[in-house]
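Attaching a single structure in structure tokens format; questions to follow.
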Amino acid sequence: MSFKVAAAPHGHSQKKTNQVMAWVVFALIPGVLIQSYFFGWGVWFQILIAISVAYLAESICVWARERSARQALRDNTALVTAVLLAISIPPLAPWWIIVIGTLFSIVVVKQVYGGMGQNIFNPAMAGYVLLLISFPVQMTHWLPAAPIAPYDLGVWQTLHTIIFEYTPAGYDVEQLRTTVDGISMATPLDGVKTALDQGQILSEAYQLPMMGALAGIGWQWLNLGFLLGGAILLQQRVIRWHIPVGFLAGLLIPSLLAHVFAPSIMPGPIFHALSGATMLGAFFIATDPVSAATSDRGRLLFGLLIGLLIWVIRTWGGYPDAVAFAVLLANLCVPIIDRYTRPTVYGHHSGAKHDAE
Amino acid sequence: MSEFKTLTKQGLWENNPALVQLLGLCPLLAVTASVTNALGLGLATLFVLVGSNITVSLVRQWVPQEIRIPVFVMVIATFVTIIQLLMNAYVYQLYQTLGIFIPLIVTNCAIIGRAEAYASKNKWNYAAIDGLMMGLGFAAVLVVLGGLREILGNGTLFDGAELLLGEWAKQLRIELFSLDYPLLLAILPPGAFIGMGFIIALKNRIDAKREELQASEKTVTRARVTAES
Amino acid sequence: MQDIKQFVESGQIARFPGGIHPPERKQPASEQPLRRIPYANELILPLRQHIGVSGQCTVREGDHVLKGQPLTDAVLHQGLPLHAPTSGTVKAIEQRPMSHASGLPEQAIVISPDGHDQWRERQPLPDYQQRDKAELLDIIQAAGVAGLGGAGFPTSQKLAQQKPVSYLIINGVECEPYICADDRLMREHARDIVLGMRILAYITGADKTLLAIEDNKPEAIASMHQAISEYSDIELRVVPTKYPSGGEKQLIQLLTGHEVPSKQLPIEMGVIMQNVGTAFAVKEAVIDDKPLIERVVTLTGECIEHPGNVWAPLGTPVDALLDFAGFKPEQQQRVIMGGPMMGFTLPITAVPVIKTTNCILVPSTEELPPPGDEMACIRCGACAEVCPASLQPQQLQWLAKAKDYPALEDNNLFDCIECGACAFVCPSEIPLVHYYRQAKSQIRNQAREQAKAELAKQRFEARQARLEREKEERLERHRKAAEARKQMQQQKAQDAPEQESNNDGKSSAVAAAIARAKAKKAAQEGGSAGSEASDEATTQPRPAQDKSAAVAAAIARAKKKKQARDQEDKQ
Amino acid sequence: MTLNSMQKNGLLLGLFALVSTALVLGVEAVTEDAIAEQQRTQTLASLNEIIPPELHDNDLYHSCGLLSEPALSQQSVPIYRGYLNGEPSALAVEAVAPNGYSGKIRLLVAIKPSGEVLGVRTLQHQETPGLGDKIEKQKSDWIHSFAGKRLQSQNDDRWAVQRDGGMFDQFTGATITPRAVVGAVKSATWYLQQHSAELFQAALPQCNSAPQGDSHE
Amino acid sequence: MSFVVGLIAIGALALIFGLILGFAAIKFKVESDPIVDQIDEILPQTQCGQCGYPGCRPYAEAIANGDEINKCPPGGETTIKKLADLMGVEAKPLDAAHGEESVKKVAIIREDECIGCTKCIQACPVDAILGAAKQMHTVIEHECTGCDLCVEPCPVDCIDMVEVEAKPETWQWNLDSVKQNIHKADTIPVKLVE
């Protein structure tokens, strides 16, 4: 009788990769619910479109590359990419925006680089940046949050807008975000930045209609929702604390210092923490292991770098939010970070050599 | 004749300066936002390449090994400056567009690369053909990339060709489609990198396919180290 | 060195990076007392059981051997002799499948026991302190004692290092899941182990003996604690349960707070480590004159009815052990020699227990699910987190797949102890250790190939030089012959008018002979000046004409034979 | 040996340098006039667009003077003065908007002595194609929206993009570029308005090099 | 005027740089790297001639002069990779026209069929065959490079190329081979140890 031959070790622990990815999607749920509450049904349609396109694109690529499609589709990485991209873009963006973005993420950023595990950039963020650079108009058309929105769109109206770029009543997105007094509503980050650029001081900027108690109306809750999701991931040990902590430290410490020194023109840490994609970035995007640094020290550094870049770009850059750019820039630095944060291997400590003498 | 054939194949395809040697990427990526620009820089580079190749080949006997690089650079710089002056004088509009990229031709490694690798070792007529073919290869890639980016980013082809070719060229302009929202990325610098990547990938794919097709049944006679004794 | 002393004296336990806590599953095997297993029908003793060269066989097929009688003679000092586990007849000396992951066969002595279990003459030595260390080392060597914890390195060799030893560490950690052979041995033979430790301490001259046991073995700790209570220079160190605390390097780090420098031996830092099982074997070898002929083996896993530890005579086939314990194989059954982390699967069970066999594990699919499909690495870093050597397993994995051997060595592949922690936690179920093993063996093979290429090059060059020389000699010969001919013709021309009537044929023959002789002499001189590497065959004259017929016949014969063979093949 | 090699290489390199330089200088001599002519035509074309021929009868190109004025630019900028029948009729100055989306934007701003803006042209910029480049007259009519406007005071808040509550359109998706252009035109206009009288009088150093013409990049 | 100044300035600069270069050329002359030796070092030294050159060294010289690096089947992928690194070119797959990379082999002479013709001895590039005229020949296994040059000359076809026997210590952890390995015991003839 002959027995099965297998490689050691003969046991296995911990979650499988596809389960890890499934947990990421699961932990996004609170944030997505909040987003759909404040910003309408659009996010669900975007997610739906993104997932379909992602799986279709992934299947075709894997088929063209003559790899096992079953395995590639089961690992759930395409799902994560699709959902992250879908919740990053404005919920009422036309359908072709998310299609182009997802295609770019999956085909160019992921598969062309060799598929799962091989991409040097975060696919969702690279797709987002492509969209932001190419279609800045559509990509900055965020509606004001529900409590201050001039219009309330139903499911059908939302779908109509996504498909035809205007509501059944004939309003386009630009009109939807314009209040009765003819002022179009920007996101809090954008609003504050514009106000500051025009020489207003922070307290004036905070009087803007879209500002809420902590940061922007809707946005503050959205960020808290993603923070909750992040806590779930940490608790499940799907991610480790180094990147989020580095990320938030890199963003909040400089903003705190700046706020202390120039309280009238530098927004404080609470505003930064609860605006834009901060929490989504800290817990869901920067923590993508494939494109992040690997060692613990390296991850802390990687997170710090992203946080710092976000603060720098938000403060002095051309775009209001900067999570995607910061993540991509930090992705580029990963090989260097990895190289210089390599832990000393057992027996290679200088102390060890000294003792040998 | 066969040398001519080889040089043609090398320059246009097998050893294409842009696709294979990856030389001169700086101007290549910078000016290929439209076909017109690409064509302009391609022609300028072609001219310099041929001129420098011939000159280098002619003087090669008198140039000692140690100072060959400065001499080649000087030859190239002279040609580039002359081109710049001529363009400035006679095709001013295009000069405005390609402006800063013309002096960059001096540092286009493809040119000094050819001077060093080919012209300094071969007769002037061969060197001229080499320069011509390499220049054509380079220009072709420029134009293809320029076309790709212009179509994606602008929906047109040969937009502004009159700047290069004169008024009649206005008819060349083709409007493929009118975009409300062009794919800006294509005409921005990252688009050049991505487009270039795809063109190189395509070339490699074609080569692989060709190799597959002509899996030649060449046999190699095995040398015997020891049989003769 | 001073730091180490300070650390050890303080009684601290350090930490090592990484490590994992796999389910231990030492029960129920650890709760059963040690049992003896009846001798199997045949005992298979591979000539080579450890790193190094195999010994020279001293018995022949059909010989009768007594229990404890040496079967091989250790050539040089590196090898270890092998002993008959019981009395019986040498049934065969042949290739048998080996207890090795490769399943490759090796030369083995097969003994069929006669049932009398008759000992050879023994000379117990209770007063080992009276003998000098060298003598004790010889005894241990002659008893074939090898390290029973891991690789089976000859114990006498490890002890013979001429370096000062401060600490003798006795490793009773046994961190790998399932395995409880040392645990059982410590519970039941504490006094013998301590005696062995005394002998080892005496030989090494260590200042202090540290006995390390993991805190998941309270009974063993209690039993050992009692046994060492009378010795002031033995200290018990209880280390927290974590895999792989039992690794030599990791345990040294735990107990001394220092790392063994890469590519150095622990002895360099004044530390030497032996397994508890080895200590027991040393005691038996020295005091009872009982060579290493049996060892404790854990039989465990859910596919076994009576798990437990047994005294298994070396050479006992694994199937005999499994039958004894009531083995009920399932579909896709794995039989693992060693533990679940570092053990290897046996393709067949007709392989013997050898000196390094500590466990036979037959798990069910539920308790140790077989690995799923290998997925792509997502660089999650879980492997780096658990690596006790602080390596970057994911990086090594990329490099191993890319076969970038120089980079692998740069990334310290050879500091990997193959503990399997990385592969255990990998969410993509990549058999990381397997890749490292392949890469390591390939790197070693490349080094071998390189050495071989060097040799080939030398030989090729020597041959070329020789051919060149021979060619020159031949030319020289031709030239001389031509000269001689010319001279002769001249002479002939001169002589002709004078001695026309003389027999010129004769004189030319004489001249030719002289020329030949000269040429030969010249050739010989040239030859002796050259190296002796010159091969005799090529300088041999060709076979004479009449022989060629014989050759032709031989060729014809060979061709016919070949044809016949080909036809057979076709059929 | 060393000396020999040094001499040989030095002389050879020197010789090559002399020949090359001579060639370049020769070509330069040949093309000099053509180049100057080209630049003149180019600048004139732009100038003539915003200062129509009926508004001046002098040679605008030669009316150029260099103005050092921190309110307009750190460097001295060329200023062109148009006269009709000896009377001052138009002023044009190069203004720089330093805060464009990607770098500086060079503009040509012309006003009547009355303060009314005659026109504005973009000379050079690196704004995002498809968005910011609508400040080019080829791409959009936006730049014409300045013509005929007047500046009431330095803090005239109608001189801003609509988003900031002003009267000028911003382009969809791009606010920074028009905001920068409006700001630069505003300060240039204010300066010209305030100083028009003295500027027509002032003796300014002659421009030695013509400005760069309209750019399409 | 500027014409003359330009000429003089550039000329003088060039002259100075030329002098410096001339000086440096002599002063910092580097002995050319014996690239052929480095290449030869990488080649497997089987001297099999499959590359089309008589021996490894001639092929090394050919590579140094620009020949392809993928003509060495015995060296296989590893050698090509190393050569690519050394020569700074892209590694490419082995040129199939020269043969395929296969497992390491050694020559074995079926001794009862050998007629003692010495032809194989002359063919062996590394003198790894022992024997004399009309005497049975044998291969010194650990010196055989597996080049198979001796196979063809043998008039009675008594030389076989057999795979180098795998040993546990040289085993490459190829788990797929385990199933075959366990059957090897049956095929290996039982040998008595003297």
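Note that the chains take the letters A, B, C, D and E in the order they are written out, and that residue 1 is the start of every chain.
We take it that contacts are C-beta pairs under 8 Å (C-beta built on N, C-alpha and C of every residue); 3 or more make two chains touch, one makes a residue touch a chain.
The shown structure was predicted, so the numbers you read here are calculated from the model rather than taken from an experiment.
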{"item": "Those chains which touch chain D and also touch chain A", "value": "B, E"}
{"item": "Distance-maximising chain from chain D - centres being C-alpha averages", "value": "C"}
{"item": "Which two chains share the largest set of C-beta contact pairs", "value": "A-C"}
{"item": "Inter-chain centre distance, chain B versus chain E - centres from mean C-alpha coordinates, in Å", "value": "39"}
{"item": "Chain centre separation (chain B, chain C; CA means) in Å", "value": "60"}
{"item": "Where chain A and chain C are represented by their mean Cα positions, the distance between them in whole Å", "value": "54"}
{"item": "Per-residue overlap in chain B, given as positions that touch at least 2 other chains", "value": "64, 66-67, 70, 74, 182, 184, 188, 225, 229"}
{"item": "For chain A, residues contacting two or more additional chains", "value": "2, 5-7, 136-137"}
{"item": "In chain D, residues with contacts to at least two other chains", "value": "5, 8-9, 12-13, 16-17, 20, 128, 131"}
{"item": "Contact set on chain E toward chain D in their complex", "value": "3, 6-7, 10-19, 21-23, 25-27"}
{"item": "Complex contact set, residues of chain A against chain D", "value": "136-137, 140, 174, 184, 194, 198, 318"}
{"item": "Interfacial residue positions of chain E with respect to chain A in the complex", "value": "175, 178-179, 182"}
{"item": "Contact footprint of chain E on chain C as seen in their complex", "value": "57, 60-61, 92-98, 100-107, 347-348, 403, 434, 437-438, 441-442, 444-446, 448-449, 452-457, 459-460, 462-463, 533, 535-538, 540, 543, 547, 551, 554-555, 557-559, 561-562"}
{"item": "Chain B to chain E touching residues, read off their complex", "value": "64-67, 70, 74, 215-216, 218-227, 229"}
